[in-house]
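What follows is chain A paired twice: with chain B in the first complex and chain C in the second.
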Partner chain A sequence: MIRALFINEWLGLLRDGRALLLLALGALLAVVSAWTAGSTDARERAGQAAAAERARAAWVEREADNPHSRAHYGDYVFRPSGPLAGLDSGLQMVTGRAVFTEAHRQNAAVHRPQGEAATLLRFDRLEPSNVLQLLVPLVLVLAGFGSVASDRESGRLRLLAIQGVRPLPLLLAKALTLWSLGAVLCFLVVGTHLASAGAVAPLRTLAYLGLHLATLWIVALVVTCASAWLRRPGTAAAVLLLLWGGAAIVLPRLAAMTANALDPLPGRDAFEAAMREDREQGLDGHNPRDERRLALEQQVLDEYGVGSKDELPINLDGLMMQADEDYGNSVWDKHFGSLEEHLLRQSAVTGAFTLANPLHATDRLSMAIAGTGLSGHLAFLRQTESYRRALVKSLNDEHAHGGSRTGEWSWKADADFYAAFDSFQYEPPALGALLGRCSLELVGLAGWFVGLTGLLVASARRLERGGSL
Partner chain B sequence: MIRTALGLELRSVLRSPLRLVAVVFVVAAGVFAILQGQRDVGRWQEAVDAGRAEQEESLAETRAHFAAGRSGPEERPWVDLSKPRWQDWYAATRLAREPAPLAGIAFASAEAGAVAVRINRYADPLLAQGSKIDNPELAAAGGLDLVAVLALLLPLLILALGVEIGGHERASGILPLVRVQSGRDGAWIAARCLAVGLFGAGAGLLLTAVAWVVGAADAGSALALAGVVTAYAAVWTAVLAAVAHVARHPSQSAVALGSIWIVLCVLVPAVGVERSAALAADDFALDLTVDARDASRGLDELEDDALFAALLQRFPELEQVVPEDRAAAADTARAGLRIVGLEERMARREERGQAQTRLVRWMSAASPAVAFTHALERLAGRHPDAARDHRRAVVAAAASRMETYIAAAWTGIPLDAADFEALHASTPERLEGAADAAWSEAAVLVAWALVFLGVAFLSARGDRRGGAPHTARAGAPPASQAAPATRTLR
Partner chain C sequence: MIELRDVVMDYGDHRALDGLQLSVREGCVYGLLGPNGAGKSTTIHLITGLLRPTSGRITVGGVDAVADPSGARALLAYVPESVALYPHLSGVENLELFTRLAGRRLDADESVACLGRAGLQADAHHRRVATYSKGMRQKVGLAIALAKEARALVLDEPSSGLDPSASHDLAQRVRELAASGVAVLMATHDLFRARETCDSVGLLVRGSLRAEWDADQVRERDLEAAYLEVVTAGEDPLVATAP
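For the complex of A and B:
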């Protein structure tokens, strides 16, 4: 019976000019968004690769250099795109694109090229994830708000009851029709992406598809239940549009504002001042009068069994600077560790809102799958810092043990030494690890899925009991 | 008629819990956003004050060294305050960007320019960070400041309060009665729309007044804000009127109004953001990073003649103090050319940013929500132009410092406390945050209002001429339901 009803509902949709128009508009948006976002992503990847290549060329072209000069010359790391950024660019629009890695200090990611269009950045992008999470649900709302209410108003429900149609199969068929409408658009988006994307991440793409199909089922259930519970199609339309506006526009912003209000981040100046203060407690690699430096110097002299720096077979300056780096790294670990915890605490506050808002939960899960969420960004920052540490340590080791003596600041390591350095390579966190951090969102979505299925059954019983048919 | 319509709408708001909740929700969200905005302004001010405190600490320390006849801190024997490079370093002036009086209303703005930059020869505002550490996840969500509340929720409030206007009258068959009683059904619908618009504008103006009082803003800024809010409310009232004059049923109104809101507040801006992302796709700031670093290092290879020629072209006043021994003065000249490089980079960046600026202008014309947001961010002084003005001021101050530094280095005369004070005094310390005029955006809003009013007017005229049915075409129960509705009218 469900099959016959389902086909009948689809025929009804196709006969209705408005539904056809909605479907056509949805399809157009789906294809256009996937195409444009895909091409933007491809250009971004090409731009990132070109920038990384340019930085690499600059590093190699410098030839012979003093290792510490090279450590100050530094290297630039350019933020790579997440594996599925063509479908969901996530936070990439608001994170800096370039990090300068150098000796003595850890720099933040800078440069957001859309700064001059800041006014627009308050709004969402027309990209596949937003089409699937915001606009396709809206298409389902507009196509389905009257699916039961209009039938009731026109007396068609009663006619169906006389023909022996039970409420539950009827509601299920209506929900399935709406869902399949969304599913068509979802497949269109992913299909266009696959057709235009260079490299495909099959597991992530499948997870992305599954997530959005599940979300669209939730939306279809909400629309069908609202249409069944509310007597007038106008009321159903108004309530569903308000629910959509609340879930898509208001609640995510409210969640962000609440997290900021409850647990505000420190100001940059205060954060940097605290870090500077801790840093100053450590050894100053460049100050010959620093007491800690003198103590370490004595320790090295004892180790090598010599009486003065000049007798050392190595360059003490390299060891001093690495000791300074080691201390600086521990300061960074302390402060950035607590900042990262703070960011994740704020993220948990917004995560709590996802229990009340399946679209927000989907948004966060989608970013996690695409590797463009907060976890992906923090992983990039951690990997950049690891790269910086390895780079500076290699340079300090060369300074210390490469053949120069203490105080020989003009000594140069040859070009081959620098050419042997590997450039920064970003390893996106595994999908399982990213999803593992989204348990609240997964639980929330599962709860909505089960709860709304139950509500559909309850709606059917209500229709049966209330004699509305 | 408007008095009757106002009374009717007021009664329906007071009698309907859902409508009352909608009004209270928007006003409460606005007040909450204003209070959060004030907290944000407080943090901005704290950042400015912290920079200023560090500046004063550095100045006091240096003055103490001069008073004690020391050349610098004892633990840093290499510091010599009679040398220009150390004077430049210790005169740690911060050029602060003060918050504009209404800065709190746009605290979720994505404009993240620095608020206090230390001025010295090395100042580079192009890569300077803002005073806030942002959680990218929250920044991407957009934030719910007063701008967002007014841009997104105020239209929804107006549309929700007026969703049944026109459609309900036609569906329930009241309109013929109105025509019989007053002879002007179109005027009745317009009056009801105006009444709802006045409620919406009232809510917006109430929030404007709260923002004015809480932010202790000047009357001029508050009036400008009130004007833009009124214009925006007028746009959505006109939208309501345009739909009310054609809708045959409340469900038609709901779908039409919802669709217009979505197109103007979500879809059109989304197209703009997508275009902006496309414009910025391959911009990884190579000019500000790798190329800038290499250009700076490349100065080492410049011949002295070319070096001095380039520097004197930018700082012609220095011609009088160029030393005989140019080779010894070359390092200073190179430092000077780094500022020239910074100025060039800034100019190129501003040129590159023009495409984004033009896009925002186009999107403002295409969507009243974008125009309104743009106008309010201007009034709040949280706009890319404000950040750009600050960057320009920082670069100008750094260039001035550089010129002073080079002149002092080339003359070679040891500097004293008076020179230090003069150096500090020559650098501006603050750039007042000012509300920018938003005339073009206000004009766009008025144009949008006129367009929708024109649609409403033409629909009403067409309705009268064509004699279109005043009741719903199908499923309308005119006579039986007209009575209670008429009672409502009375």
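For the complex of A and C:
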């Protein structure tokens, strides 16, 4: 029975010019957005790979160099696009994916296509995830608001009931039709992505597909239940459009605003000024009259049992630079740690909102699966800083112990020393770990899934009792 | 075949049916007459299991329509005043779909034969129902009822909005069905069609059957006068005489 009803509902969609137009527009948007985003991502990956290659070549081609000069010459590190950035660019547009690493300072990530952003809010671009999370649900609303209400208004429900059609199979067939309509668009998006993207991540792609298919089932259930409970198709359309607007536009912004109001983030300038202020309290590796430098110098002289730095078998400047780095690192740990806590607290607040909004939960899970969310960005910053610290420490150690004496700023380490450094390699957090940090969103979606299935059964019972027929 | 005993139906404070007794035998066309709001549609919805009575007993072919509405529905077919078919399907496709939903499969020949028996012209069989007149939709509704091979047929204002020719055509089909042993209950305002088609007629006023006439009585007397007499007698005299 469900099969016959399902086929009939699809025939209705395909033979109705308006539904066909809606489907064609949805398909066009799905393909165009996935194709353009996939191509852009592939181009960006290629551009980034070329930039990384040039940076590496420049590092190696400088040949013999003073280690501290090299520490200031620095190195560019790049965060590759998330594995599914072509489907969901997530926060990449606002967080930046390239960092200049050098001695003494931790630079901010650059290459942020959207520049500064006050909150971690998006939904302002037409990319595949926007299409799947915003436009496809709208297509389902427009295609399905009258699915049950029109049958009731016309009297067809009665005719069906007398032919022996039970309400639950009928509602399931209608929900399945809407879901399969969304699924067609979903497969179009993912298929176009696979055809156009530069890289494919099978497990993540399957997870992405599964997430969106589950979300579309939730949307199909909402539309079907609303159409079953509300007597008039017009009322159902109005209510569903309000729900869509609330879930797609209002609630995500409300969540971000609430998170920012409860726990405001310091602006980038304020953050950097506070760090600079703390940084200036530390040892100045370049200032010979700095008191802490003098104390450390004496400590080293005592260790080596010599009376002056000229008698040291090592280069004291390298030790001083590293001591300066160590202090700077502790300042960064303090401020970045605080910033990370801020971001995670904000994320927890917005995460709580997702319990009330499956579309927002899907957005956050989608970013996590795509590797383009907050966790990925924070992991990149931590890995970048670890790389910077290891690089600068190696250079300072070479400066101190490589064979030069204190004050020999023109001493050079040979090219092989620099060529032996490995380039930065970003290790994206594992999918399981990323999803593990989205437990609230997963619980929310599961709750909607179970709750709406219960509501569908309740809707069927209500129709069965006859009160709504 | 269709039996209603002491059926009461309340909508909140309003009593729509008040101890209704009704019986439709196999092979008989029973016309249920009555003014608007008399309870005709409520009676039909109770028989078809779309509503549950406040009290009383309803059976279709011996099956309790209250306790087992699905079992009762399996024995009956229903043609409403306006048959809401799927406009995107043709007459044949509608017939095949509704019949399949009732648990039967028709092949192409059976479908054409069924629509033919219902009086739908052959050139309309494969046209989309969206292009059909009301009379043509009624005929497809009747074909669905025929294909179901139901033992009882319930029609709600079947001739409403039909031209005399279509109405006559429909009445003929109904008579043929009754001749094949089907019990037919037909709620109608059309006194002429009731007299031409029905074997017995019941007059429902304010939720109870005020008069019942067999075919001979219907044909012998002026049905309109009898109708008005019974209906007016049931009215509040003050209201009945108001200008």
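Assume the second predicted complex is superposed on the first by the 443 of 469 C-alpha atoms of A that agree within 3 Å, B and C clash if a C-alpha of one lies under 4 Å from a C-alpha of the other, contacts with A are read in each partner's own complex, and residues count from 1 in each chain.
We adopt the following convention: a contact is a pair of C-beta atoms (placed from the backbone, for glycine too) under 8 Å apart; a residue touches a chain by one contact, two chains touch by 3 or more.
Please read all numbers here as calculations on a predicted model, not as lab measurements.
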| item | value |
| --- | --- |
| Combined model on chain A: chain C and chain B, fit or clash | fit |
| Which superposed partner A:Ala420 touches (first chain B, second chain C, both, neither) | neither |
| Which of chain B and chain C A:Gln48 touches, first, second, both or neither | first |
| Of chain C and chain B, partner touching more chain A residues | B |
| Contacts of A:Val165 with chain B and chain C, given as first, second, both or neither | second |
| First, second, both or neither for A:Ala58, with chain B first and chain C second | first |
| Apex chain A: angle to the C-alpha centres of chain B and chain C, given in degrees as a multiple of 10 | 90 |
| Chain B versus chain C as contact partner of A:Gly373, first or second or both or neither | first |
| Partner chain(s) touched by A:Leu5 [first = chain B, second = chain C, both, neither] | second |
| Partner chain(s) touched by A:Ser154 [first = chain B, second = chain C, both, neither] | both |
| Distance in angstrom between the closest Cα atoms of chain C and chain B, superposition on A | 10 |
| Chain C-contacting residues of chain A that also contact chain B | 154 |
| Chain A residues touching chain B - in the complex, by the definition given at the top | 33, 36-37, 39-41, 43-44, 46-48, 50-51, 54-55, 58, 73-74, 76, 78, 89-91, 93-95, 97-98, 100, 108, 110-127, 130, 134-135, 138, 142, 145-146, 153-154, 232-234, 236-238, 241-242, 245, 248-250, 252-257, 259-261, 264-271, 273, 287, 289, 339, 343, 346-347, 350, 373-374, 377 |
| Chain C residues touching chain A - in the complex, by the definition given at the top | 45, 48-52, 70, 73-74, 76-78, 80, 82-86, 88-89, 97-103, 128, 141, 144, 148 |
| In the complex with chain C, residue positions of chain A that touch it | 1, 4-5, 8, 11-12, 15-16, 151, 154-156, 158-166, 465-466, 469 |
| Complex contacts: residues of chain B adjacent to chain A | 29, 32-33, 36, 39, 43, 46-47, 50-51, 75-77, 108-113, 116, 127, 129-145, 147-148, 152-153, 156, 160, 163-164, 167, 249-251, 253-255, 258-259, 261-262, 266-267, 269-274, 276-286, 288-290, 293-294, 297, 353-354, 356-357, 359-360, 363-364, 369-370, 373-374, 377, 383-384, 387, 475 |
